[in-house]
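In this document, chain identifiers A, B and C correspond to the written order of the chains, with residue numbering beginning at 1 in each.
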Amino acid sequence: MKHQRRVWTTLFVVFALVLAACGSDSTESTDAGTATTGAGSAEEVTLRVLAHQNPTFVAYMEDFNSRFQAANPGVTVAMTVVGQGDMASAINTRTSANDVDVIDFCAGSCSAFSNGILDYMGDNYGEKPVWQQLIEAGLLMDLTDEPFVANFDEIAIRDAGTFNDRVYALPMGRVTYSGMFVNNDLLAEVGVAIPATWSDLVSACEAIKDSGNECMTVGGGDTWPIFVGASGLLGSIFPDQAALAEGLWAGDIKWNEGKGLEAVEKFQVFSTEMLESGVTGLGHDEATARYAGGDVAFMPTGMWQAPNLESFEPTFDWTYVPFPGSDTVADNEYLWGKYDMSWMVAADTPHPDVAMAYLAALADTTEYQTYLDAVGFLPTQPTASLNSKLGDAVADLVPAYRVGLEQYWVSPSGAGQWADGRQAAAWFAPFNEWTDSTELANQIQADLDAGLSG
Amino acid sequence: MAIMQKNYLFGSAGKWRRLTPLMLLIPGVFLYLLIALGPSLATSVYSFTDASGLRGAAVNWIGLDNYREFLFEGLASRDNIDATLRTLRFSVLVTFIQFTLGLILALLLNQKLKGRTFFRTLFFIPVILGVVIQGLMWKLFLQPRGGPMATIFDWFGTQSEFLGGLPGQAFNWVIVVQIWANVGVTMVIFLAGMQTISEDLYEAARIDGADGWQLFKSITWPQLTPAINTNFLLNIIGSLQAWQLFLVLIGYKPGTQVLGYLVYAEGFGQGESPAFRQGFAAAASIVLFLLVLVIGFAANRYVSWREDRYMA
Amino acid sequence: MSIPLKNPVAALDKAPSFSTRSRNVKIASYVVLSIFSIFYIWPLFMLVNTALRPLTEYLRDPAGLATNPSLANFADAWELANFPQYMLNSAIYTVTATAIFVATSLFVAFPIARGYFKGSGAILTLYVVALFLPPALIPQFQLILNLGLFNTRPGFIMLFLINPIGMIILVNYMKSIPRELDESAAVDGSSYTRFVFSVIFPLIRPAVATVTVLHAIGIWNELILPTIYLTNQDLYPITRGLIVFEGVYGSNWPGIAAAVLMLMLPILVLFMFLQRYIIGGLTAGAVKG
């Protein structure tokens, strides 16, 4: 009996080891990669692409990859999909292992070359952004002289793909997050026009609530939709957010005085009076589902929710307008946002020609339009246009697109957790402990000053 | 051989036989040194550098700068220290409650009850499901509008925003979920330990007229010493290091972070621009390690003391 | 005086006769257990409920009941997440790593538990310290990379050949095995290996079963390490397949619920099988007295 058991155990272990050994024989480790003589050569080339998870984008890429493979016999595209949260680690390990050729740079908040270290920050920053570290480690290929770079909008390339005057990434799209979805039918029913100023918005909200409906909803359960929803509000008060970042660092702008305080006070009105109660239980997508039900007038969130909204087949007519945070109409006419994903090439790729051909194919103006139609970003190529209901709604405003504070802000080293005043809307009760806007504003400034003086 | 103790009795047949245990032990220990201890030591070395973890990036020795930044710089240190205190509070509550509940469940389920297999499996299921699903289940359960817990609260006339509300509240709910998710392991370890207790001991004591509580105090508890020690140690250390439930249930909310979460956020990027600061992350994790070391060692000493007392 | 038991497992089931007070204890036990299990059954029910709904319905009312329960999510998960192939991979990794781990750690735990050589206490401390250790993702990655095992099955399996928690459970459990067994086996002329395999191993089945289950769960459910270490799709474990349900700002929770309910079944079966060993040791009355 005991002897039998021993025999089984031994057999078991041996079996397991054999399985493991067999497994390793049938797989390859890193692709040895023969030197390529260019796309369409007779050599077998596997091009390794690292992409982030986004269902519509991944579907588009799978289609693109099969077309690219058909047009380039001998090339196999091996695409790995990784969640945004794991992307930074994946880029790190795969460039270290030299196991990647083309990289879709969409890590963390997915905002291309944002949050760079600027002169006014001196040495007082905690961390350099990932993309800068990748460049300084020599892991990214310089794309400056490639012909396909010219397909893109100069400003996009300059702001989102350039470091020290060299181009390292192709920014593929922009998104705006500062506007709000508007339920036209509900407004008509209540007898209110689309608000163009802050005061209009405040009174509209009151009228809507009096009529038994709700004014606004966001995905409060996830926290970030609260302050992203307030980004248009911030933009109306500070129409130059690069200057805002610099001013905060210099101490010229403070959160507890003047316009800064105005922003914090309005944040409080926004999150405690305009948002419906119960948003703490709504995730980002769930808020959109709720909004599609038709009982809520506004949903301040990013344009990326438009396809989602449509999928719930709302029975009302909707549009997307800037969030009016100021009583001066002209201040309310910007779209604030960020750049989204971008393509990069690993500097040590064994197939630079194929990688460049791949990028050239992606950057081709016709292909780019196909891409845009699939993913729904705002274009970064001047020849492309956003063909969607939302695209039509914001078409006039696109020239007034500006990059938001989120893309410039770097916290000084030693700053406390309340230093980033941009997030203040999420810090009022019931979401967090603050109930007085002046007290919170003072805390924000104190936390920021702690870092600035360090 | 001098290295073997006198209580090793199998070595009479020659030198090699005497060394057998040592030789058979080496593969396991070697694997452990290679895969776990080695990299962790490397992490400690990293903590004194500004390493980013990227191939080809310059690495400079910066001594204690990372530690200084983590512990003393500006108000970030206030937040880190708050996180440390929060971590301690979390650990004490979770350990104490999870340990007690696990013991109670094991005692209940060690009896001959119909359906005990069902109960044991039920309480162990969260462990099988993993952190992400545990989080999903409780986010559903704690829906502030119309969720089951909200309904229960309603019966008692109160209301709560649960996980989306005030940091203190949200934090307490994470404690609840952490205990709920892991009590199954504590229970199973106790159950396994109870199998070493001979029925004869209980028989004899019952004949002498001992009642339930006396049986527990004089037989069960002392006989369970190894399992008690295991659970005590694992609970404390596990709860000091826990952070994944926080990420899944609350996400980033100022006033709720624990040290494990901070370490993860620094090293793998949370916030606007995920950065690689392996050196800094290593320093933060060494701080957590030292905290755990101090407490863990105290726990270990206590555990050894109990062992000597009860297992002689 | 001991009564050698012919069938120890049955003996555990044969409870001594109880008085009414003991019956009340049983009733009280049921009551307590039932109350406690409400908080396990209800969330589990909500999970299953979620898996039976389409995404749009779920988003409209996350905590609501499924109006048209359907198995569509399960079918989708099976296909989209590439279940058959990835499950096989998961099985290979889990079985191999757990088998090697258990086999090697038995021979580490036992000498430590018995204190057979000087320094065994130090080794135990080393393992306890391992519990406190900070995560070492990048250095570990560099190790595997330098060994040439990146993106290979053996490299991935190597990561799971250790488990300090398992070691501590084993060591502590072994300490409760009486030393008299060692003496009688040595007197009988048994060799060390045979002793460990045929005498000790059966006696510590509860601990081995516990450690096996916990270790297997750790490997089976691991999310991050496959992302880092396995870039070849043929090598993906099932947790990698779940990524198809992630969105950018939110995930397809009904899909994930269905996928996880399916992928947990093998572990559930394993646990139910091993439960018998966790609760059925052979020590009852065998040696005492």
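The working rule: contacts are C-beta pairs under 8 Å (C-beta built on N, C-alpha and C of every residue); 3 or more make two chains touch, one makes a residue touch a chain.
Here the structure is a predicted model, which is why all the values come from computation and not from measurement.
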Which chain's mean C-alpha position is the greatest distance from chain B's?
A
Find me the chain with the mean Cα position closest to the mean of all the protein Cα atoms on display.
B
Of B-C and A-C, whichever chain pair has more C-beta contact pairs
B-C
Cα centre of chain A to Cα centre of chain B, whole Å, reads 35
Could you tell me the distance, in whole angstrom, between the mean C-alpha positions of chain B and chain C?
15
Distance between the centres, which are taken as Cα means, of chain C and chain A, whole angstrom
38
Would you mind listing the residues of chain C that make contact with two or more other chains?
62, 137-138, 142
Chain A residues touching 2+ other chains are 89, 92, 96, 222, 281
Chain B: positions in contact with at least two other chains:
53, 139, 143, 147, 268
Mind pulling up the chain B residues that touch chain C in the complex?
3-5, 7-10, 12-13, 17, 20-22, 24-25, 27-29, 31-32, 34-40, 42-44, 46, 53, 104-105, 108-113, 117, 119-130, 132-133, 136-141, 143, 146-148, 180, 185, 188-189, 191-193, 195-196, 198-203, 206, 212, 223, 225-227, 229-230, 233-234, 237, 241, 263-264, 267-268, 278, 282, 285-286, 288-289, 292-293, 296, 300, 307, 311
Within their complex, state which residues of chain C touch chain A.
56, 59-60, 62, 92, 95-96, 99-100, 103, 137-138, 141-142, 145, 148-154, 157, 197-198, 201-202, 224, 227-229, 231-235, 243-244, 246-250
Residues of chain C touching chain B in their complex?
2-3, 11-13, 15-16, 25-26, 29-30, 32-33, 36-37, 39-44, 46-47, 50, 61-64, 104-105, 107-108, 110-111, 114-119, 123, 125-140, 142-143, 158-159, 161-162, 164-165, 168-169, 172-173, 175-177, 179, 182-183, 186, 190-193, 195, 206-207, 209-210, 213-214, 217, 221, 223, 253, 256-257, 260, 264, 267-268, 271-272, 275, 278-281, 283-285, 288-289
For the chain A and chain C complex, residues of the former touching the latter
2-3, 5-6, 9, 12-13, 16-17, 19-21, 23-24, 26-30, 48, 53-55, 78, 80-84, 86, 89-90, 92-94, 96-97, 99-100, 110, 219, 222, 281, 283-286, 288-290, 292-293, 304, 311-312
Chain B-touching residues of chain A, taken from the complex the two chains share
88-89, 92, 95-96, 107-109, 111, 114-115, 126-130, 133-134, 136-139, 220-224, 278-281, 406-407, 409-410, 412-419, 427, 429-433, 446-447, 450-451, 453-454
